[in-house]
Amino acid sequence: MAGSVVSLDNPVFASYAAYAGLASMKMMGMSLVTAYHRLTKNVFMNAEDTSFGTKAVVRTDNPDIERVRRLHRNDLENIPPFLVVGFLYVLTKPSPDVAVWHYRAFLSCRLLHTACYLGGLQPWRAIFFFAGFATTVSMAVQVVAKGAL
Amino acid sequence: MAGSVVSLDNPVFASYAAYAGLASMKMMGMSLVTAYHRLTKNVFMNAEDTSFGTKAVVRTDNPDIERVRRLHRNDLENIPPFLVVGFLYVLTKPSPDVAVWHYRAFLSCRLLHTACYLGGLQPWRAIFFFAGFATTVSMAVQVVAKGAL
Amino acid sequence: MAGSVVSLDNPVFASYAAYAGLASMKMMGMSLVTAYHRLTKNVFMNAEDTSFGTKAVVRTDNPDIERVRRLHRNDLENIPPFLVVGFLYVLTKPSPDVAVWHYRAFLSCRLLHTACYLGGLQPWRAIFFFAGFATTVSMAVQVVAKGAL
């Protein structure tokens, strides 16, 4: 055994780790965007949050805030599966080039999806959503094929 | 060391990988069901999405769409913890038979839960929810017991 | 190679496993709190759920239930990234003391965040939210730095 597959010495795993870390922070970053809009617009979700501003109100119909929340939920639906499937894919010992491009494609699609969601751009948002989705499915199919039911 | 635990050569890990890949795709599949209902019913969530149909409207009260979204959220609450806990459980070196049946039980429960949610069947939906929940908790308890606080 | 990094024999991994298992169960526990409120208040989300009580109704405006659901969603936004980033952080071979305190800080912050959310305590809820958030980001930055883009 020349080295462990699950190690930062394995270039495929090191690539997965970097993209997984970035995708995690991207998803968490949506909380900061929501907080920014809440604080600047004085619109909150709980009665006790109105202590953050003298003009603060509880409302769930601010278009900017709700847009970020829809985008954040879309991340919750897509990024956690990528994080796990991307790791299992490392264990299938894929070609390093193919693997790294899967990770790059996924993160790029999610960043472009985010830009299109915030900018209200269709059909681009749908295109980047499905491209990122297909990237995860491509890895998942290979994981299931090499696993054992 | 006869071989690595975290390897597709380990039958328990290979089983985990296959069920984790299927559970991930199952959860992601809910996005496709939602998209199908949106496109066939012309009901969308953002103003710019109405470009997908001449009769498209923005509404959040379509019963079929909202049902799939509630189901999808239930997956988000249960499948990501399974994906991580199921992996950590492999590291506790469980009996292979017991481990594989945990994975099979979880995925079966989630598939049956999905069918019952879409079909509006209670108390079956609750029963399959709690059975899948208990499967993950069973593994999590063993992980915590063999970990170190 | 004296031993595998991804093994319960590695104290850092054993610590990660225990805290990851507890954080997973904590998040899943929110489902039980929601179910408790639904059954005691006779307020449900689907027409077929009203079979659980003769006075059961379908409503989405019960303040206790919606508060737990907002808290649960906040967990979904923060705990799955911790579960994955916390694992990748083990692979960066951190100082065991520093690593264990990251895990302890994260779980403590999320438990205190939960108490503050249920009790309606601001700015404490925000403080524990950001402290837990910063813990995950601290690990993610180190993972990305040691990974390969």
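Note that the chains are named A, B and C in the order they appear, and that numbering of residues resets to 1 at the start of each chain.
Note that in this section a residue touches a chain if its C-beta (ideal position, glycine included) is under 8 Å from a C-beta of that chain, and two chains touch if they have at least 3 such contacts.
Please read these numbers as outputs of a predicted model, since none were measured by experiment.
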Proportion of interface numbers common to chain A and chain B (over half same, under half different):
different
Note to self: chain A rotates onto chain C (CA fit) by an angle, in degrees and to the nearest 5, of 120
Taking each chain's centre as the mean position of its Cα atoms, how many Å separate chain A from chain B?
17
Which residue numbers or ranges of chain A touch two or more of the other chains?
4, 6, 76, 80, 84
Residue ranges of chain C in contact with chain A within the complex
1, 4-6, 67, 70, 76-78, 80-81, 84-85, 88, 91-92, 117, 120-123, 125, 133, 136-137, 140-141, 143-144, 146-149
Could you please specify the touching residues of chain C with respect to chain B in the complex?
4, 6-8, 11, 13-22, 24-25, 27-28, 30-31, 45-49, 51-52, 72, 76, 79-80, 83-84, 87
